[in-house]
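Chain naming follows the written order as A, B and C, and within any one chain the residues start at number 1.
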Amino acid sequence: MFIYLFTDYGSSDLYVGQIKSVLHQHAPDAQVIDLLHEVPAYNIKAGAHLLAALAHQLPPDSVTVAVVDPGVGGVRAPVMMRADGRWFVGPDNGLMSVVAARAGNAQIFPITWTPKKLSASFHGRDLFAPVAGRIAGGGLCAEQLQKKPRLDVEFGADDLPEVIYIDHYGNGFTGLRANGVSRDALIVVDNRRIGHARVFSEVPAGEVFWYENSLGLVEIAANSASAAGKLGLQTGQPLSLAA
Amino acid sequence: MFIYLFTDYGSSDLYVGQIKSVLHQHAPDAQVIDLLHEVPAYNIKAGAHLLAALAHQLPPDSVTVAVVDPGVGGVRAPVMMRADGRWFVGPDNGLMSVVAARAGNAQIFPITWTPKKLSASFHGRDLFAPVAGRIAGGGLCAEQLQKKPRLDVEFGADDLPEVIYIDHYGNGFTGLRANGVSRDALIVVDNRRIGHARVFSEVPAGEVFWYENSLGLVEIAANSASAAGKLGLQTGQPLSLAA
Amino acid sequence: MFIYLFTDYGSSDLYVGQIKSVLHQHAPDAQVIDLLHEVPAYNIKAGAHLLAALAHQLPPDSVTVAVVDPGVGGVRAPVMMRADGRWFVGPDNGLMSVVAARAGNAQIFPITWTPKKLSASFHGRDLFAPVAGRIAGGGLCAEQLQKKPRLDVEFGADDLPEVIYIDHYGNGFTGLRANGVSRDALIVVDNRRIGHARVFSEVPAGEVFWYENSLGLVEIAANSASAAGKLGLQTGQPLSLAA
């Protein structure tokens, strides 16, 4: 049984270990895998599109704890979702909504359970991890859960024409799915027009290009260099297509 | 069986993997969890207060390898501690001493074993991990161990009125336990006076406040912004309370 | 069964989790350990010397996925190697070649299998992880594999007189094995001459020295301070010995 973590909690901070401690106590046999803890902080929209790009790879019946939660402790609701056979647990603030909108089948379940002790700021540890652990351990199943018709916050299925993630090489992921973009198209960001290449080694060292990355997204990259450094890319930066 | 790691070895460097390799060879069935590897480097005192705040969550009989060890290879002694049913293994330099001072019951055991090969600088891998692995694997038990009356270095049970950790959001953890601080109190840092809020979403975006964080500590934070950036917070910075 | 990961994929990015997901699906009982994901980006030579220094510690029959792969998607070949009883899987671009050159016994096997879906840029996930998982799961054994006489790219067994890694403390690892260097020798970097000490606590706080680190390499360090900061060390910087 696989439990994936997808958060903006930071891969170096002390949050992830506390979540894993709870998960392993609830589901000792589960394999817990860090998918990403560096979703741009507080950026629910970027997170929603990254999660949608990653979700295809997750095995059936896996459980993903998905938390980017600037509204923690406020009015946003906690929620479980089963989309195309995969579970997601986290805040109902839009983060799961691109997965939901693109899924063939998505069922939404409110989380009605509350833990004995709930901190004001760390529902990942106190609420979402115990729920995910119970799903993974077989203690919750879709048939017995109360449903709600839809998520409270929905971003829809459309692509997001923005930089949504910059990796440590300096590659800029976009919210555009590459299978909808012609290889002849140029990506325009900050008035720079960027052409396509299949892969890094096809362009000279240092040259900027776009390609279909391993998540199926349009990515702005440079061969053995930082595209983000060369272009001043930033998360949230808008982009457009040109012929 | 759970083994936790709490160090300043860095979450991105090549130290943690080497420790895990040793642990898994000694205790194949143990679950090894990274609690924190970004204790401020060399800062034993900050580490001691973070460890004390985290220790409450650790399950009974768990083993924590706790290493912030600027004196490695020098005269400081290696030590095992069992405090309120939880084990800790590491250098006797104060790092475990706040846990010890606040525990209902703490037993201290010198580590007399030495490995065949002991590097001068990486006792986490060569000494503490094998010992922790043997405790976790059931090969060492408190009843059969030689005791010593107390730790060599003791910081005591008192709170530490300093910034002890800054997370990647820019929140500043303090060494003050929140249950001893009135919600009407102001935290004063660098002549800035900071009022209380229950949670991030209770203040406007960008506004600085303090709250009881998920470890029970007073934390200086800002809603969807970096308090450390706004206030110039640094680890070790002193603070005080005002009415 | 142990699978180690040694890459420049970044410990905080979304690459490692995807690899682990594939590995655990192929080899559910394997223990997967992150050795290092911060090999200096694209720096195959530095990676080759770090890997050679780490390899001694790896248990027999372990499998290491070793990927620093700026030529991914180009002409470089994928390869498996069994060296002194340990497996390595990755690109044949020199990365494994220092391990090979120093091994008592190294066998090289071309990877002829190709996955149904192979991304242009992430062979770690699509090609090397499934192969490593099959080795770890017992599905591939050396006796049945086609061999090739040698690696395509070979750096040889010699030491590399350069800074090959800078850790988060600011210590500078070099590609020099310490057992070949007299304790009376000085390390010369950028015209600074640096003397030997056994360990950090033997020099005053802030003082720069070199010592044999826990991997057996000459390391330039400073007591409770950043040698890299003090000296302006950079990965790839050349160094020499003086009497």
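Things worth noting here:
Quick note on the criterion: a residue touches a chain if its C-beta (ideal position, glycine included) is under 8 Å from a C-beta of that chain, and two chains touch if they have at least 3 such contacts.
Since the structure is predicted, the reported quantities are computational estimates derived from the model, not experimental observations.
It takes 120 degrees of rotation, in steps of 5, to superpose the Cα atoms of subunit B onto those of subunit C.
In this structure subunit A contacts its sequence twin subunit B using mostly different residue numbers, the overlap staying below half. The centroid of the Cα atoms in subunit A and the matching centroid in subunit B are 30 Å apart.
Shown for subunit C are the residues in touch with two or more other chains, namely 11-12. Contact residues of subunit A toward subunit C in the complex are 2, 4, 11-12, 31, 33-38, 50, 54, 57-59, 165, 167-169, 198-202, 211-214, 223-224.
Those residues of subunit A lying in contact with subunit B across their complex are 10-18, 20-21, 24-25, 28, 41-42, 70-75, 119-122, 125-126.
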